[in-house]
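What follows is a set of structures to go through.
Shared between the two complexes below is chain A, which has chain B as its partner in the first and chain C in the second.
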Partner chain A sequence: MMRTGSKPAAIYFIAILLFFICWPFLFQNSALYYRVMTMTFFYGALALAWNVYALTGNISLGHAAFFGLGAYGSALLSYYWHTSPYLTIPFGGIVGALYGALWYAVFRSLRGARFALATLASVEIPRVIIDNWESFTFGSLGLIGISSLTTLRFGSIVIAVGESLKAQYYLLLCFTLLILFIHWKVMKSKWGWAIRALREEETAASMLGVNTNFIHFATLLLSAFLTGLCGGIYAHLMGLIEPPLVFSLHISALPLVLTMFGGRYLVYGPLLGALILYPLDQLLFHSLLPVGHSILYGLMIILTLLFFPRGIGSWVQKRKTAS
Partner chain B sequence: MIILQLFINAFSLGSFYALVALGFALIFGVTHAFNLAHGEFVLLGGYLAYILVGQMHFPFLLTLPISMLAMIFVAVLLQKLLRYVNEPYELNTLVVTFGLALVLQNGMLMLFSADYRFIRSTAPIIELPKTQLVVTQTQIILILTSLLATTALYILLRRTFLGKALRATIQDREAAKLAGINVRRMSLIGFAIGGTLIGLAGPLYARTAYLYPSGGIEATLIAIIITIFAGVGRIRGILLGGWALGIAESLTVYSLGTGWRELVSSLFLISLLLLRPEGILPRRMGANG
Partner chain C sequence: MGTKTQNGFLELRNVRVEFDRRVALRDMSLHVMKQEIVSVIGPNGAGKTTLFNVICGQVKPTDGAIHFNNEDITHWPPHRICRAGVARTFQIAKPFPEMSVQQNVLVGLWFGSKKQYGSLTEQAEAEELLELVHLSAKSRLPAKDLTLSEQRRLEIARALATSPQFLLLDEVAAGLSPHAIKEMAELIKALRHQGLTLLLTDHFLTLTSKVSDRLVALDQGEIIMEGKPGEVLQSAEVASAYLGERPTRNL
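Up next is the complex of A and B:
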């Protein structure tokens, strides 16, 4: 997709993008469509952010830590100092990145299954602290009434992002495109080759002059920052957060499932996974099984790993090279 | 006196943790499969016992063999599923069983709802003579079964021919193959024995802690911690690890309050991963008991 050398990829990309831009003009304005697609873009962005680090071959099961810290960082800043959401969200990203730096400092020698386990356990630390620090974070009661995204003014154009579902839809579309762009840059630059070399064989990569420590540090920090941003957006979009919600296993699991399903070695893989699975979950499974609809994600990850380990995006890729 | 009472509680809690960990440790040791759905399996056994006791009025101790048989079946199914996993085996089984954990969690949510369940004990609390110390029947069952299960597993691994083959598989799969051991059959047997132990832990879980669908991850973490602490293939270490974790958690709750309990296991796991990286891998030398 985008400019990978082949023209059709760029055409597909623009066609799909136009489809999402034009949908609201072509069809009836439906609140359900906006709500579902906004969250689809949101989870797509989350999956892309997750994959920035997963490209190095290290699977994280603990990105909910960055997400929750980003959400709490931006919500608390907005709650105590009434800062504009457009400043608190980047602050949430920075809080996430700080925890990412801590991860790097502590887990730098861990790889593979051991890294995955350590990340799984590390979500509990900020969660328990926030849960118990009631005087500052309101503990398990959660934060309620976080200010919604404020109205944007560009000269004469006024966009009420807080109230309009349509505005939120376009905002999240832009945000996801931005993260897609970063993800593309990470994969297709010279840096991307270094990351790929690192994934295949770390020792050999460092012999060839790849600064493996720096790559690990920079990708983890970037991934944590972007995940923190997602957390901040979530807090302002939803208006309420509580520790079990933002530090949940679901938040850690979803990017993994979406990315694996879509194709973890493709620029658009994580987003493709979100575009297919999230609407399927919300529109079909949610009405069929109101309580246990997340079963879809569990099934999908098992099927993906057993039967098409490179994700369904690789089918698109294969057909294109065959023709 | 309160310290002694605390110690009794910590000791029985630790025995319970060891029981939860035994099945995971054996399966991981023999097959290197990282079963992140372990806690959900334990919960399944717990829910089975809850239904048997609550709706069919079975005596509690009878639910143990039933749950053990059921879990052998489930564990063998898992072994069949994991045979299709590609390399890198450890990481991929981790991800597949993570998905399985999500499936089971949601399945249990549909079947049993998110309510907290518990098998109430009707037995009176036993007071030790001449002291103010009290012991519940559940605590006695926990300590006895954990000792029994550990001893049985120890004898199986150390005193029988099958145990010898299993230990050989734990130490070095390739060498075991060369020595004519059917590694695939050993992995099936490992899963079956692991399933038995999971089935033993399930009903006791329902008796000791609250059952709720998303509670499995905590049991999984405990099992992983103790397995790493013990080192693969070291059965006695599991009991020690369980007690150490039980005592650490009880002391934290006693000094800081219940809210901080969950932090202990996470910090324990992270420090073990960092400080004992060899614990998670099969030891090159002397995996003796």
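Up next is the complex of A and C:
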């Protein structure tokens, strides 16, 4: 199934990947570009993780809960037990997934706007707890001096991820590719058809043998886990977190904006959104409008909804199938 | 648990369904034998669709038990009931609108039957089922582009894709031309010949009286009469339920 045109797609993918691997060799000392592109891939991964659940048709406005719990889970574990960040980051993912399981238990019967509002509200619970549990989390002061990503050693190859912006860029590129792979597997498999059937007509899907409850549970858990991982990486990348930063609406809403812009139903849609919008915002709008640059996201989402209701990627897709 | 009876392929035992204290099914007992064609008739709101929903697990009964093929399916989730061999169509068609007609059928094959995902014969099998309901020519179109009556036929193909033993067809004859009704009657008989058991509802009685072995007349969530089509249709009580004059019943 769906094998038509997969060869050119693979060629495009490899060409684009090569570009993102090679460009740092052309701009040897551009800290700004490295930083922006690292965060671009970071938000791309976040958007992909978010979309794993959004594919079921349920739009979450509360993924900041998983993100913040992942960030705090990973940072606190490394702070108190001095564990390597590469071990605490997966732990952050697990903390996010646990909260995802709780969501499923409580919100399982909610759909559409009621689900979105419930998720929006659910961010407040972990935020308030962490804000007030000062003896353990340092509350609203935030957690400062989180161990940075430690140096990786592969035999004679030593990569100082903590200091080198370039190394951080490649690390995030790899991480995003991993999430992209998972997103692809989720969409283009038997599972993907179950998700699609339940998105398009949930009652009919269950009557045709699709275990809709399990699909909701599994995709939510996976999405929460991956978002928790993103939170963990963010904590160690920044070295500083505080509740309003990681539990912010910005973290919940940005994946939605990027995904809607790039294309919700495309494997690369959320990442495409990040690759276009984030550099545009940081490199262009930020210098033009230092204060109100995030107006770009508002503007873009309105334009997308008006002119590309299925995302900018759907336009690329259409041209490809037409030719 | 009562003793396991061998008589009915599908058995409802004192099934009661309430929505917010409104009774939709009132302690209904019904049995359908293997390879029987039974039609449920009754005016709007009599409980026909609720009966279908409760058999398929979409609505859980407040009280009572449902047995299928000698298994208690009362508390099973819908997908499990489907895999056990019960399939249905909906009164108002519920296709997957963005999927192609063929993909709609493939979902039934992959999840409802034991068909392997990605097998070589799946598309041919889907096409065969679409042939049965005269939709082969439109198999590449998105399901939302079909007319309403085509969407209803697609539902039959999709339900058959789950390789059911028991098929529930909700309002089979609605919106069909006289010619199409004749074809549908042939299809229903052919399915029974292949070993299926069928439960139908039909608001207008045009089709069901011709193919059914038995009619079950519902009114206000209760069975008011059941028997051979001729007997039931001549009953004064059934006629008055349809006409809306409700005689006071002696209980």
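The criterion applied here is as follows: the second predicted complex is superposed on the first by the 316 of 323 C-alpha atoms of A that agree within 3 Å, B and C clash if a C-alpha of one lies under 4 Å from a C-alpha of the other, contacts with A are read in each partner's own complex, and residues count from 1 in each chain.
The criterion applied here is as follows: a contact is a pair of C-beta atoms (placed from the backbone, for glycine too) under 8 Å apart; a residue touches a chain by one contact, two chains touch by 3 or more.
Bear in mind the structure is a predicted one, so any value in this text is a computation, not a measurement.
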{"item": "First (chain B), second (chain C), both or neither touched by A:245", "value": "neither"}
{"item": "Partner chain(s) touched by A:276 [first = chain B, second = chain C, both, neither]", "value": "neither"}
{"item": "Which superposed partner A:114 touches (first chain B, second chain C, both, neither)", "value": "first"}
{"item": "A:125 touches, of chain B and chain C: first, second, both or neither?", "value": "first"}
{"item": "Touching partner for A:300 - first (chain B), second (chain C), both, neither", "value": "first"}
{"item": "Partner chain in contact with A:200 - chain B first, chain C second, else both or neither", "value": "second"}
{"item": "More chain A residues in contact [chain B versus chain C]", "value": "B"}
{"item": "Touched partner set for A:212, first chain B, second chain C, both or neither", "value": "second"}
{"item": "Touching partner for A:190 - first (chain B), second (chain C), both, neither", "value": "second"}
{"item": "Partner chain(s) touched by A:16 [first = chain B, second = chain C, both, neither]", "value": "neither"}
{"item": "Residues of chain A at both interfaces, chain B in one complex, chain C in the other", "value": "none"}
{"item": "List of chain A residues in touch with chain B within their complex", "value": "59, 61, 106-107, 109-110, 112-114, 116-118, 120-125, 127-129, 131-132, 249, 253, 256-257, 260, 289, 291-295, 297-302, 305-306, 309"}
{"item": "Chain A-facing residues of chain B, complex", "value": "34, 81, 84-86, 88, 90-92, 94-96, 98-107, 109-110, 113-114, 214, 217, 221, 224, 257, 259-260, 262-263, 265-267, 269-270, 273-274, 277, 280"}
{"item": "In the complex, chain C residues that touch chain A", "value": "56, 58, 77-80, 82-83, 87-88, 90, 94-99, 103, 106-108, 110-113, 117-118, 158-159, 161-162"}
{"item": "In the complex, chain A residues that touch chain C", "value": "1, 189-190, 193-194, 196-197, 200-201, 203-213"}
